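Heads up, the next two complexes both have subunit A, just with different partners, subunit B and then subunit C.
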Partner chain A sequence: MKIIGLIITIITGAFLVYAAVDFPAWADPNSPASTYLSPYFIENSMKDTSVPNFVTSLLADYRGFDTMFETTVIFTAGLVCFILLRISGGKEPETRHYRHVLTGVTVTLKEGRKIPASEDFERIDDLWTPPDLIIKTGCRLMIPFIQLFALYVIAHGHSSPGGGFQGGVILGASIILLAISHDLRTALERMREKVVAILCPVGVAIYAGTGTLCLLLGLNFLDYSALASVLHVDPISARSHGILMVEIGVGIAVMTTMIWIYNNISSAGKYNQGL
Partner chain B sequence: MSELIPTIIAKYNYWIYITLMMIGLYAMIAKNNLVKKIVGMNIFQTAIILFYVSIGVKKGATIPISTGGHGAAHEVVHAADYLNPLPHVLMLTAIVVGVATLGVALALALRIYSRYNTLEEDEILAQIRKK
Partner chain C sequence: MFWQIDLAILTLVVVTAVGSLMVKDLLGAAILFGAYSFLMCLLWSIMGAVDVAFTEASVGAGVSSVFFVAAVFRTSRRTKD
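Moving on to the complex of A and B:
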């Protein structure tokens, strides 16, 4: 198998090298990729949408359909992880571990036994390790600033590098950092499974809803200039505001998908890490 | 020979992407462990992202954000001054979708592990044949 793989790899590589000989040189301003469609986007983006960041206007306006279905793909991926691991996986373990908070003694109980209801015991799982105070405190100090930066990246995507995808990933990373530095239970207390599962389709629905609103106001799907009559601005500014609405929807969908996938994979669908 | 070396240097981005892509392809075909195959898939994806982003580069151009800012709607923008934004847009979504597909692949690997107690491809196939 290794030799067949090597032969296939070398043949494919040889074909690619043969094809690359005809490609334009690196950083050539007259390469085909930069001469047909992209000059239109660069020259008209400011006139059409009043968004200085061409990538944002291209992402959410000119290629709005593409981005909407990319968001749907991400939502579907989160849903698949949930169905694969959480619905058909997660079984309750037969033995349960409880830790006495004051003394640190761990008690193991077999199936059916119950511990007397008391504040002194917390439930833990096999993988439980004592949380490190330095890591916990350091992450607790960092997380608010990470989230603030994420909101800045989403809101300022019009005039600096950023947007819904990047900001959403940073927001998701802040919650994942909480789950890594403390345990999954702490992160789930802040961001419940139900909240994640509801917010993910809500993000996609904000995107599709903005498009449908444009349709209801009498223009094409995702033609944000229709929002001018609702927002009381001129049609060009309305496109800029429409892009922001869409980016917020993308940000929510991406954030919750990242958290959803992490929660399901890190605990193999049992949601028990640190239980 | 005197023409060959400038050609190789002028197109070095393509050689890097081809090398990376073939590393990923080889890992996907030849490696026995499913997680190593997934890592190979991700290297393959990264090679494509590198290819697209390197296509968008133009000599003497800056990042695709208007230097005039918000108030400069009347200014004439020259396409030669800015990088090609189209590959950036395509790869922006591809990176996030890549992470999402990586999650699905890992979830599938986890399910396979919980059923067969191994991630080695030949051991899984032997267990399937036995049944």
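Moving on to the complex of A and C:
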């Protein structure tokens, strides 16, 4: 089996190398893409959409339909993780561990018994270790700045590298950092399971809704210049604002998907304890 | 751009890619894959594709490494083959 796999891999790799020879050389000015396609976007992006970073205007405006389905793919990935891990295997275990906060005494309760929520006892993981003050405090200090940077990346995607996708991943990573440095339960208190599950399709719906709004206002799907009458700006700035609306939708969808996937994978769908 | 840096990064990309396939310890493979993603991010930024490099750094080297580590933690650390 291993030998067959190796042969298949080598043949596929040889085909890929053979096909790559036909590509134009890197940064070849006479290649088809460089002769008429790229110059159009480089020259007209600022005129059409008033967005200095033409990668953003290309991703969210000229080929906005592609990006919408990319967001849908991300959403589907999170949904599949949820269905595979949470719905099929996600049952709370019978044994629970609690720790008395003042004395540090650990209590183990079997057969599904619980201690009602109080200040004296906190629930702990099976593999509980005493929290490290330096790691906890360091991450607590870093998380607000990470989130601020993520919001900057989303909002400033028009004129610098970045956008909804990267900003959303960084926002999600800040919550994942909280889950790693404290525990999964702390992160779930901040970002509840239901909130994550609702915000994820809402992000995709913001994107598709912006497109539908353009359709209702009488132009093509995702042609943001239709928003000019609603936003009271000229059609060119309306395209810039439409890109921002779409990026916010992408950011919400990607952020919640990252948190969703992490929650399901790290707890094997049980949501009782993470890494 | 200096071709020496380009060559060194390309060599390291191949080394980390093969290494992450060959290593028996899956946690090591996950970390090597993160290193591979980070080197690819450097290559993208050398080529001037800053947006792609940003995505590669945040998704490839950042979040997907965490997902791999979480999956290894919940399954087994050594491969069977």
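The criterion applied here is as follows: the second predicted complex is superposed on the first by the 261 of 275 C-alpha atoms of A that agree within 3 Å, B and C clash if a C-alpha of one lies under 4 Å from a C-alpha of the other, contacts with A are read in each partner's own complex, and residues count from 1 in each chain.
Heads up, the rule we're going with is that contacts are C-beta pairs under 8 Å (C-beta built on N, C-alpha and C of every residue); 3 or more make two chains touch, one makes a residue touch a chain.
Keep in mind that this is a model prediction, so the values were computed, not measured.
S.K.: Considering only the touch criterion stated at the top, classify A:170 as touching first (subunit B), second (subunit C), both, or neither.
M.R.: Second partner only, subunit C.
S.K.: Which partner does A:251 contact after superposing on A: first (subunit B), second (subunit C), both, neither?
M.R.: In the superposition, A:251 touches no partner, neither subunit B nor subunit C.
S.K.: Counting only touches as set out at the top, which of subunit B and subunit C does A:17 meet: first, second, both, neither?
M.R.: Touch partner of A:17: subunit B, not subunit C.
S.K.: Quick check on the superposed pair: does A:70 touch subunit B, subunit C, both, or neither? Answer first, second, both or neither.
M.R.: first
S.K.: Look at A:39 in the shared chain and tell me whether it touches subunit B only, subunit C only, both, or neither; answer first, second, both or neither.
M.R.: In the superposition, A:39 contacts subunit B only.
S.K.: Kindly classify A:50 by the partners it touches after superposition: subunit B alone (first), subunit C alone (second), both, or neither?
M.R.: first
S.K.: Does the superposition put A:159 against subunit B (first), subunit C (second), both, or neither?
M.R.: In the superposition, A:159 touches subunit B alone.
S.K.: Touching A:6, do we find subunit B (first), subunit C (second), both, or neither?
M.R.: In the superposition, A:6 touches subunit B alone.
S.K.: A:265 in the overlay: touching subunit B, subunit C, both, or neither? Say first, second, both or neither.
M.R.: After superposition on chain A, A:265 lies in contact with both partners, subunit B and subunit C.
S.K.: Under the contact definition given at the top, report the residues of subunit A touching subunit B in one complex and subunit C in the other.
M.R.: On subunit A, the overlap between the subunit B and subunit C contacts is residues 2, 26, 53, 55, 161, 163, 165-166, 169, 258, 261, 265, 268.
S.K.: Give the list of subunit A residues in touch with subunit B in this complex.
M.R.: Within the complex, subunit A touches subunit B at residues 1-2, 4-6, 8-10, 12-13, 16-17, 20-21, 23, 25-29, 31, 33-34, 37-39, 41-43, 45-47, 50, 52-55, 58-59, 63, 66-67, 70, 73-74, 77-78, 80-81, 84-85, 88-89, 159-161, 163, 165-166, 168-169, 236, 254, 257-258, 261, 264-265, 268-269.
S.K.: Would you tell me which residues of subunit A are touching subunit C in their complex?
M.R.: Per the stated touch rule, the residues are 2, 26, 53, 55-56, 161-163, 165-166, 169-170, 172-173, 176, 180, 258, 261-262, 265-268, 274-275.
S.K.: What part of subunit B is in contact with subunit A in the complex they form?
M.R.: Residues 7, 10-15, 18-19, 21-22, 25-26, 29-30, 54-61, 63-66, 68-70, 72-73, 75-80, 82, 84-89, 92-93, 95-97, 99-101, 103-104, 106-108, 110-111, 114.
S.K.: Which part of subunit C faces subunit A closely enough to touch in the complex?
M.R.: 47, 50-51, 53-55, 58-59, 62-63, 66-67, 69-71, 73-74, 81
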